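Each of the two complexes below includes chain A, the first together with chain B, the second together with chain C.
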Partner chain A sequence: MMTPERLQAEKDVLKRKLPCYDYRFLDMETSKPYIVLPAKTNRGNIYTIRIELDEFPNEIPKAFVTKMLKTKLGKEMNDCSASMHTLTSEHGYTRICHYGYSSWTPMVSLYKIYVKCRLWLEMYELHLQTGHNMDYYLNHQE
Partner chain B sequence: MEELPIIYIDKEELKEFCSQDLSEKEGISYEWEKEQVVHIKLNPSLHSFGRIGKVAFQRGDFPFPYGQSVPWIKDEFSYIVYVLDENTARVFEVVEGRLIEKKLYYIPSKDDLYSRSKGILEVNILESKRVMIVGLGSFGSQIAIELAKAGVGSFSLFDFDRIELHNLARHTCTIKDLGRLKTDAIYDAIVGKNPYAHVDKFPIDINKNIPLLNEEISKADIVICATDNNKSRFNISEELVKQQKLGIFGRAVTRAEGGDIFRYVPGGPCYCCLIGTEWYDTSAEEITNIGSGRRNGQIPAYVSDEDADAVVQVGLSSDIEPICNLMVKLTLMELSRGEDSGISCLEDELVYDYYMWANRRERRHVNWAPLPNAGNRPTILRWYGAYIKKVEDCPLCSHHIVLDEGEEYEAKLGEMTDMKDVD
Partner chain C sequence: MNEQELERFGQQIKRQGENQGGTMTQLVYNPVTGEFEQVAKGQAHEGDVVTEMTEKGFA
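And now, the complex of A and B:
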């Protein structure tokens, strides 16, 4: 769980980096806090990113797109896939694989995770356009 | 020629019997079958062994002439113990209604148990110290027992796992312990070495009970982190910094080709400061089994069991022994710091934050020099120490938090506008 100082530092970064965005920290007084952030892709599509904060920053937080996305072939993106950089879905949401074990440190900001999720969405839309797996565009994290 | 059977009795239990206003009490004998070794107990052992018999404890000296048949002795008793005082007893084996006196050996009382260590370690100081050990695998189990042998008096043990077959090759526990909680098995091992040790057991995942973790850290004089994942190391490190407590972190790298140790001293660099230095390679973490690899995220969920099996590469017990050994020495040195003991001189030697050891010239150590004629070049089977720089804006140990904002990914995102038409 984040300390008050860490939470303030995260808010400071988000305020500076996403000044016009309506992001929200939710359920912060519970054991399952999370943040939701809007994400607009270069193609103009709008998604919501949900990042769960219960074990952040000492553990890689779970990150979701708040709906069940489908591949170009119409398959739901609800399971672990190395080629599509996804993990097993929860809440009915597609879960993004955004960080690997050995790359993670508590220094990583929520903003950085958000940027990586934005990149994932761009690649997802490229996949929808070209049919290439997302692996084609994204390197795997260690 | 040694007189058989060899019979042991615990002086603390003689004291206990004398302190109670009883003239007799029933006890128990535990016999190692076919070995003619008997341990007589006033109180039942938590985990008994061997053949069990009944013992009658009596106050006072043996009232009958030697070898005389004693009509009131019931056959159900194997031994009669006459307790003269809290330091002296006589033991008689019951053979067909007759009492045959046997030689008695004493398990020393608390004050005498570690008298042999006096002069090397300040046993009285260690007895008052509390060590918290998180993770009772091949590292934590060995360290716990070594510290108990040295006379550390109080432990808090954390591990939610049970002893499994794959543990046995490197763990202190034996095949008899299969299925047991590691906390229970190591509790037995500690009190087997020091029956007067105070041991609190917590068979839980510390990552899921941070308040308890913090409470136990507050009670400990030093914390040993012998877990196999960074999440627990970060959680422990964060609280060590907050509470300004000493901590020792240790691990093996892949196939135990080597290992390293980090010592946190209040005010110094924390575990998070170590990450990202040239010394520490997070990806080199040893994965000892698929279950823990998956649980910790070291093996991604999309990797099949077959592929995962290839990354599980465990080294030998003898490979991790030197790492455990230095962790024990660092712990004993810190617990005795400032006291005049036989290991005080180590305070001038073990001054580094980080220690590195290689068992073999493989992988990350492949370019190290062969042991013969290595000169000043790094080589195997030697300890190397390093000072770690405290990161000024470390999110765990500094007051000025600077976060990783991912500029490199921001730049990639900026480039994405050019990729709209990729086909």
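And now, the complex of A and C:
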């Protein structure tokens, strides 16, 4: 669980970096707090990113696109897939694999996770266009 | 971005991942426009350089 100081720091960063975005911290007084943020791709499509905060920042937070996305071939993106940078879905949402354990530190901000999710969405739309798996564009961390 | 521009953008991301610092472009996220851009190294005027996300591997 985030300390009040860390939560304020995250809010300050988001306010400075995403001043026009209607992001919301939700259920913050419960054991399952999360934040939802809108994401508009370069192509103009709009998604919502949900980042769960119950173990943040000490553990890698779960990040989802709040819908079940499908591959170019129509398969639901609901399982752990290295080639598509996804993890097993929850809530009926596609879960993004955004950081590996080797690269995670508690210093990573929600803003940075958000930008990675935005990049993932950009590559997802390229996958829909070209048919290449997402790891064609996005390498795996060592 | 049209489809050709997006594919070119994707190929730049791919090259950055393969070359790990050897490319002449940087990936920039501009939070004002909400868009990613590829710019020549040292030419990023606005936004956050996030090339490490491609060069060091995504996840």
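Quick note on the criterion: the second predicted complex is superposed on the first by the 141 of 142 C-alpha atoms of A that agree within 3 Å, B and C clash if a C-alpha of one lies under 4 Å from a C-alpha of the other, contacts with A are read in each partner's own complex, and residues count from 1 in each chain.
The rule is simple: contacts are C-beta pairs under 8 Å (C-beta built on N, C-alpha and C of every residue); 3 or more make two chains touch, one makes a residue touch a chain.
Everything quoted here is computed from the prediction, not taken from an experiment.
Enquirer: Contact-wise, after the overlay, does A:T88 reach chain B, chain C, both or neither (first, second, both, neither)?
Expert: Once the two structures are laid over each other on A, A:T88 reaches chain B alone.
Enquirer: I want to verify the contact counts: of chain B and chain C, which reaches more residues of chain A?
Expert: B
Enquirer: After lining up the shared chain so the two structures overlap, which partner does A:V115 touch, if you call chain B first and chain C second: first, second, both or neither?
Expert: Both partners, chain B and chain C.
Enquirer: Based on the superposed arrangement, let me know which partner A:Q129 touches: chain B (first), chain C (second), both, or neither?
Expert: A:Q129 contacts both chain B and chain C.
Enquirer: Look at A:P57 in the shared chain and tell me whether it touches chain B only, chain C only, both, or neither; answer first, second, both or neither.
Expert: Touch status of A:P57: first partner only.
Enquirer: So, does A:D22 touch the first partner chain B, the second partner chain C, both, or neither?
Expert: Once the two structures are laid over each other on A, A:D22 reaches no partner at all.
Enquirer: Which of the two partners, first being chain B and second being chain C, lies in contact with A:N42: first, second, both, or neither?
Expert: Once the two structures are laid over each other on A, A:N42 reaches both partners.
Enquirer: Using the touch definition from the top, say if A:E5 reaches chain B (first), chain C (second), both or neither.
Expert: The first partner, chain B, only.
Enquirer: Quick check on the superposed pair: does A:G100 touch chain B, chain C, both, or neither? Answer first, second, both or neither.
Expert: A:G100: touches chain B and chain C.
Enquirer: Both chain B and chain C touch chain A; at which residues?
Expert: 17, 42-43, 97, 100, 103, 115-116, 118-119, 122, 126, 129-130, 142
Enquirer: Looking at the complex, which residues from chain C come into contact with chain A?
Expert: Touch residues, chain C against chain A: 1, 3, 6-7, 9-10, 13-14, 17-18, 27, 29, 31-32, 34-36, 48, 50, 53-54, 56-59.
Enquirer: Which stretch or stretches of chain A touch chain B in the complex?
Expert: Touching chain B from chain A are residues 1, 5-6, 9-10, 13, 17, 42-43, 55, 57-60, 80-82, 87-88, 97, 100-109, 111-113, 115-116, 118-119, 122, 126, 129-130, 142.
Enquirer: Residues of chain A touching chain C in their complex?
Expert: Going by the criterion above, the answer is residues 17-18, 20, 39-40, 42-43, 85, 97-100, 103, 115-116, 118-120, 122-123, 125-126, 129-130, 132, 135-142.
Enquirer: Considering the complex alone, what residue numbers of chain B touch chain A?
Expert: Of all residues in chain B, those touching chain A are 207, 210, 230-231, 234-235, 238, 272, 275-276, 282-283, 285, 296-298, 300-303, 394-396, 401-406, 409-410, 412-413, 416-417, 419-420, 422-423.
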